[in-house]
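In the part that follows, the structures are each spelled out as structure tokens.
What follows is subunit A paired twice: with subunit B in the first complex and subunit C in the second.
This part shows the complex of A and B:
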């Protein structure tokens, strides 16, 4: 969140995060090179680098794709999500090294353009054993490239959140291409089944995590609120909401976060304007609703980001009857001030 | 000339046009399409260069639209 863009909005957490990524990558690559030198001393430097970067990238890709569902399952994983884009960009850089050296080693030694050679040297598309798997990796690299170059918030604003999100959802297509690239490549070049086993375990883990997280989300949205009056819906008891925290309710397919702060209840749209983060899972910091994903902030009474920022979310009416919280799912225009519902001492007890 | 060569040539042309556009856009257009650019440093301008080269057609459209709004301020407040 920034009034003017920075290349990277460094803070202590981001620095620690990036140092950990860097240290892990260096340690992994060094270990891979040393072990290969011991057990396969006849391998060339290019081959070692191609293999080391490919396996490292696959590991980081699995970690990156696991973070989303893990945070849905347990909030303790949220710190991993905060700087996930740096993990993604790091992975792209590693894949770029892998792709560049692969093209250099396998396609740049003849008199044909290396990129033409990549697609024309092997055209056995009908054969599983000889399938041109390198082309699959190339297309995955292109998707990761597009994601990496649009990872800055400037692109989120200027491509529009919808286009940006759609583009970044192509990571799942890229993941499929990577799986096929590795599996078909291993079939052609490897006799050791360990690569296939690792890849399969990773894929099954990812699928399981996404299924568990998805089921939880669907269950949250499927709650039916029966008691209704004058457009309001009875959603919970005031004691169910912690101070400076929220509960999320899905009414008429709209997710709404009801926050309790400063002796009042306020309702805002649950979807953060930045990257669709769940505002209802955040907390009030310095008087502002703070998105748990990247720290974007909104004032609870009007859904506006504090000046000079300009993001806005819709607001809703909420009222208290006794200790019962009633919510009106009719959205006000983004940034509309609402009075909120005063929690009396009697309600709060 | 093979199909692949033609496709590569077309992509190369598109990217060369993107590079030319990016040079002009960074100098004259960037601050017109997004006020968040005002006050930003060189690091930010460098980091968005690859994206500008690839997505130059979309940025050009935004730049033209922004110029029209400046020329016709009445439309902006309509």
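This part shows the complex of A and C:
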């Protein structure tokens, strides 16, 4: 988290992350190219480059898309999530090499502009066998391009988190386009079933991970809190919440995090303003609620990021009766100071 | 998870348990990446054996013919009776273009027709599976020499009527297929083949027999007219052709009858009757 924009706020973790991406990419490319050269001596450089980059990009895409649900399932994956955009931008650079060389190879030096050629050479849009699969890859490339150039927090703040997140959710459309690009393209040429098997395993793994993570989220949201009085809902016992940690409750479709810190309970909206991270899974550090995804911070009593930051989340009333925690789901305006509920010594024990 | 352990990306170091978990993940990921690289590399179809002598210019002397497609007939030794053998070298242009434009410009520059004349051309050779082609590029100043007088070319084309034939195969562009691209056929190459053919490259029908041997036919219209635009929808997909076959020495040219070019479906040909009878039985 920084108060001013840097191209990349390098730290040790980021450097390790990027070096690992680089090392894995080099390892894969070297394996693919060397084996192709040995076992396919009639290879051409362009084709090997196109194939090596395309297969690597598809692998990185699967790894990138799996990080989200893996982190929802096990928080130990958070280090992969924090710099996920580096993985995405790396993938885009690799796809750009694939796309550029493909357009150069298949569409340049013809009687029309290469981009006109891309959309006018094969126009069998109504046929699965003849479908112009390259157009699908081109549209996926455009989505990845938009995601890569807006990956910096500068764009997140200027586009607004909602627009930014919506734009970046198009990665799932891009993934679908990539799968169809492969299935309607090279898989119709190659005779070895390995390609289709790998593609199917990848797709099913991603779908399964998303379903597992999604089901867990839904189960959390579906907990019904029956006891209600004066607008308050009985949500848990105070001992259920660890010090400087929170529990998340979904009331009236609103996710609220109740934090225990400094002898008090505070309730704030669960959704981080940065990238919709789960504040309820964060921790109070230096007196601030710290988002587990990217470390954005908020003061528990008013939901405001400490100056000079300007992010704000809604706050809620919370009260204690005995050891019972009662939460009022009516949100106060973002950044509204609330007194919190004092935990007496007896309750805390 | 220990309450003290909390991961924050902007801090210099990850907590020990997080770092240990990621190390385990990477140890699993590493062999997965290597195995995928090995599997994908070894599962590719064999690359074709075609050669494109990129960057090497070769001078070829022969008799030029414009029809049915631009070619030069090159002497290739003599038969047992002492008659000269010729091989036919179709000409193609730079990039995704035919050779017609280059030849027409050269004829205009010299103010003569090359038809039936002995010419020496400089260009880039490409060859595969017994077929030789030559790329002529205006930037290479391809015309080395042209004889003033017509050669007695009667009989040189060795034209032989082979009758009406029906063949099944795939339409490819000869430049990519015989050397420039690997693969120069099939779905991945479809757009490129279409662009090459629309750019003037003579379409070629690749026919694979039951033994896996391949034969190649140049395709023109019933009256020898170009079919480049007419074949656009049929490139890199199974087709069947009904045509008059004429051998021009070592190349066979198909003069495709009107409506003689159709999409071909193995399933439709072999199972349509069964499917129809099955459906009829079901309806009944």
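In this section, the second predicted complex is superposed on the first by the 347 of 349 C-alpha atoms of A that agree within 3 Å, B and C clash if a C-alpha of one lies under 4 Å from a C-alpha of the other, contacts with A are read in each partner's own complex, and residues count from 1 in each chain.
Keep in mind that, in the parts below, contacts are C-beta pairs under 8 Å (C-beta built on N, C-alpha and C of every residue); 3 or more make two chains touch, one makes a residue touch a chain.
Fair warning: this is a prediction, and the values are worked out from it, not measured in the lab.
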Combined model on subunit A where subunit B meets subunit C, clash or fit: fit
Apex subunit A: angle to the C-alpha centres of subunit B and subunit C, given in degrees as a multiple of 10: 80
More subunit A residues in contact [subunit B versus subunit C]: C
Partner chain(s) touched by A:66 [first = subunit B, second = subunit C, both, neither]: neither
First, second, both or neither for A:83, with subunit B first and subunit C second: second
Partner chain(s) touched by A:305 [first = subunit B, second = subunit C, both, neither]: neither
First, second, both or neither for A:159, with subunit B first and subunit C second: first
Touched partner set for A:269, first subunit B, second subunit C, both or neither: neither
Minimum C-alpha separation between subunit B and subunit C after superposing on chain A, in Å: 15
Shared subunit A contacts, counted only where both subunit B and subunit C touch the same residue: 2
In the complex, subunit B residues that touch subunit A: 2, 4-5, 8, 33-34, 36-41, 43-44, 46-48, 50-51, 54-55, 58-59, 62
Touching residues on subunit A, where the partner in the complex is subunit B: 2-8, 113, 115-116, 119-120, 146, 149-150, 152, 154-155, 157-159
Subunit C partner contacts - residues on subunit A that touch it in the complex: 1-2, 9, 11-14, 20, 24, 27-28, 31-33, 35-36, 39-40, 42-44, 47, 51, 55, 59, 63, 74-80, 82-83, 105-112, 117-118, 121-122, 124, 129-130, 132-134, 184-186, 188-192, 194-195, 198, 242-245, 282-283, 285, 290, 292, 294-295
Subunit A partner contacts - residues on subunit C that touch it in the complex: 1, 3, 6-14, 17-19, 21-22, 25-26, 29-30, 33-34, 36-50, 94-97, 181-183, 186-192, 194-196, 198-200, 233, 237
